[in-house]
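Let me give you the structure first, and then I'll get to my questions.
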Amino acid sequence: MKGISFNTWAYSSFPAWVPSYPLEEVIKRLAYFGYDGIEIGCASPHAWPEYLSNNRRSEILKLLKTNNLDVAAMLPAPGGGPGMNTASPLAEERKYTINHYKDVIRLAHDWECPTVIYIAGWIVYGSNQTDAWHYSLEAIKEIGEFAQKMGVTMAIEPTASDSNLIESADDALLLSEQAELDNVKVMFDTFHALYRNEVSSDYVYKMQDKLQHIHLADSDRLPPGEGECDFPSVLKALKDVNYDGYLSMEVGFHKREAEPDWYARKSIEYLRAELGK
Amino acid sequence: MKGISFNTWAYSSFPAWVPSYPLEEVIKRLAYFGYDGIEIGCASPHAWPEYLSNNRRSEILKLLKTNNLDVAAMLPAPGGGPGMNTASPLAEERKYTINHYKDVIRLAHDWECPTVIYIAGWIVYGSNQTDAWHYSLEAIKEIGEFAQKMGVTMAIEPTASDSNLIESADDALLLSEQAELDNVKVMFDTFHALYRNEVSSDYVYKMQDKLQHIHLADSDRLPPGEGECDFPSVLKALKDVNYDGYLSMEVGFHKREAEPDWYARKSIEYLRAELGK
Amino acid sequence: MKGISFNTWAYSSFPAWVPSYPLEEVIKRLAYFGYDGIEIGCASPHAWPEYLSNNRRSEILKLLKTNNLDVAAMLPAPGGGPGMNTASPLAEERKYTINHYKDVIRLAHDWECPTVIYIAGWIVYGSNQTDAWHYSLEAIKEIGEFAQKMGVTMAIEPTASDSNLIESADDALLLSEQAELDNVKVMFDTFHALYRNEVSSDYVYKMQDKLQHIHLADSDRLPPGEGECDFPSVLKALKDVNYDGYLSMEVGFHKREAEPDWYARKSIEYLRAELGK
Amino acid sequence: MKGISFNTWAYSSFPAWVPSYPLEEVIKRLAYFGYDGIEIGCASPHAWPEYLSNNRRSEILKLLKTNNLDVAAMLPAPGGGPGMNTASPLAEERKYTINHYKDVIRLAHDWECPTVIYIAGWIVYGSNQTDAWHYSLEAIKEIGEFAQKMGVTMAIEPTASDSNLIESADDALLLSEQAELDNVKVMFDTFHALYRNEVSSDYVYKMQDKLQHIHLADSDRLPPGEGECDFPSVLKALKDVNYDGYLSMEVGFHKREAEPDWYARKSIEYLRAELGK
């Protein structure tokens, strides 16, 4: 594996408004806890592309290198103001979202990040699954081609707990095949598997040929080891399939009460201990 | 009072992605339940200004009139991708957010809506209360002047449960006074008062001279009457101070499990019964 | 019965600091809800005797009369800064507390209140029950004699959930007999009976000859009818023994989340309905 | 750091009436558990100034020295009978409270205690934030000047969970600046930071230049390490800013069920282990 990474949502204003730490601060904290990578949610106050001048991008890259922290992955924030639904029946929203993905990919390129996560959207009332799927496939094709030129791999994520289009491992694999691009792969999040009452280690074996990335989160978005997901099985499965990406925590961002440092510290302590066994 | 209104968040993709109903559908449903007004959250899929051509704006206005539904108030969606924090230490974010407010005010003007809600932002780690307050005051002054020209009144909302800058009735009143504009008033949400363990009817009396709008939500964002907020006191206080705005429900948008029609129906049933006593 | 009364703790800063309403405001609210009496906790901001000039006492009496509200009972606030433990091993504290009771009795006299509640204190580590009982008996004798001259009746309350000296109906009755004064009687609070898993209607029959006052509170200090105490039995027992005092609510003061108006309204609605049956 | 200290509330009658241990007993127990300091709540039965003769003050100082226990800090008990609200609209209460603070400062002087905590009061219904802030500022100025002559430093504490005036780090810092006295500094309590869903280590950095004292308490007033506050981050932050005060536990006083010895023992065990890492 490439190492252990932590997603910035817990330190940002998505979807709760607070707490809200600047990206520079988050980089320093994650490095202090011993993380190898950072996964960056491209929302304010961290990385809304329009707010990041070339100058500031360079400074942040420098800071990342000083702190020995790689950018493990990046992703947009769906569900907020502009929606960011590539499966929307609104042509304006689809276009805006595709352009936003391109901005995120440019930013990934600038920060030497190999992977951008693709959230395939959701079915709005009045439209149907066939249309929504079609729109999302068109989008991932256009986005994927752009990403290919920038040297970035897209990872389609099933998001059962938040949406209604790409919900399972099979959904993600099918969309990925239909995209017909080498750099369009898949990933999954243990939390979404738990939401479907499915077994995360099964996802690893099923997705193994295309598994680009993984999100670890225990039940209720707790740090791994604090809830009821069987992480030893997940880690064994990842070893079995020679997974060579990051173990990325996406935890503690779902409620204001969550103290980000507690999540960051507990997660890495648990994983280090398990991996060292 | 002008009547009873219902906020669209419960029918939209903020902050959860689903359920997601087009604005046209929400208009029809609220009219069917007997609402007098609709409060529109300016996020996709309902009303992200950039996605709304002049043509579509006219059609929606026509639909509102056919359904006898007034637009009671409008507001942006803070906390998502672009942040929308007028108190942000990032100059880029402040500028973007002020422009977005102007877009929302233009839309309010197009849909004959008298009131736009002002969310005063939040303190990002590393900045302090004094700076954040100053930025937000500068913003509401610029936004308020623009709104004045468009015939729109701004209503500053204390948002204790989501933020850390304007938390109480006193905070909102003070910012409003400092703005020194006749069309910059205040509002409050019973849910935020409950979060502070404060009494909503007290807010009515305290804010009475500048009370432009009100959000009703019971504990846990339930419909009024389903939790432990004393709504009869709130309604009596509003009568005492001759409140002449809308009673606007902002309920049921905080979790995916919430079924919007249940919230819309229960809310109006309870209020009609109480107002008829 | 004399009527229904409501204790001010829920509107004051004891033991939580907020919410905090001036006495004048509480008088108006209780009158509005239709209460016949008010029970006044003699703590700030309502009635710390030292803060009440003769002038202000007269104004408050006038306000009470304008609002047709009798003062049903008064009591000090034990447990705070000066302790107010008549069973304390500290001579200084016993003396201070006795003097404070005299101040409260003077205030009761000024406001035409017939009853002052006597909290018999608690055993401090290192002293024993015999000494504590003795101290408290000495205190109630001195206080009772003073009260007699002022035309006030003392009502000894068993306070099992907060103390360790006078816990049961029998404890209170014994202390009352030993005081050997006609104006030293007893009372009880359904909440303390519930704390001991005892039956409130049993207390009524046991205390009937000396029952001067009663506190009604459901489990968790909820309004009567919202918890698990059988109030119809209590009301029947009070009728059986021809109780002629007040039904006084002591509810909703135990946590900051409690909204006083909700407790005041729910309590009187329930009791009116039950008494009308 | 100066060492580890434990607040007496858990052993006293505030705000619950029991358990209730004399100060002498608490001193012996804390020394036995290995504490370096004791923080004394100035309420009965421990240290209501009026109950403490010069003779008894000397004896207690002797006992403290015999047990090698320093008095880390002292504070009054707000919210009980006399209120102790320096922001009260009642002139009588403000005067009483200021005098009480002077008594507490004299006692601190007698017991060689460097720090007295300032609770800035709360807004009573009918008054507003501006007036309440003004009253509290006047009070801390007068108290601070008196303390300066006695060689005592005042530490303003934000008390979000109990009040509504000084709630955040920024509030406390602003009041401290406005006091314009070198011996008026700030402190914070992790429990109040948790109540605001804020991060305690952030408070350390924000307050660092004026941080005189700190209260440690985990969620639900548990001993550090028993809840969900990230204490390793707090300890690291205190080290980063070269904090040289006490780590003072304010735990286990919020409910009668809490057994004080368990809180005292668990707290020091956890902190010793963490500090030794």
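A, B, C and D are the chain letters, set down in written order, and residue numbers restart from 1 in every chain.
Everything that follows uses one rule, which is that contacts are C-beta pairs under 8 Å (C-beta built on N, C-alpha and C of every residue); 3 or more make two chains touch, one makes a residue touch a chain.
Predicted model only: the values in this text are computed from it and were never measured.
The minimal number of chain-to-chain contact steps leading from subunit A to subunit C is 2. In the contact between subunit B and subunit C, the residue numbers used by both copies make up under half of all numbers at that interface. Inter-chain centre distance (subunit C to subunit D, centres taken as mean C-alpha positions): 31 Å.
Taking each chain's centre as the average of its CA atoms, subunit A and subunit D sit 44 Å apart. For subunit C, residues that reach two or more other chains under the stated contact definition are 18-19, 256.
With chains as nodes and touching pairs as edges, the resulting graph is of another kind, matching none of line, ring, star or complete.
Per the contact rule defined earlier, chains pair up in contact as A-B, A-D, B-C, B-D, C-D. Partner subunit D is touched in their complex by these residues of subunit C: 13-22, 25, 42-45, 48, 50-51, 76-85, 88-90, 92-93, 96, 100, 122-126, 159, 161-164, 256. Interface of subunit B with subunit C (complex): residues 194, 197-199, 201-202, 228-230, 232-233. Taken together, the subunit D residues at the contact with subunit B in this complex read 123, 125, 128-130, 164, 167-168, 170-171, 173-174, 196, 198, 202, 206. Subunit C makes touch with subunit B in their complex at residues 18-19, 256-257, 259-262, 265.
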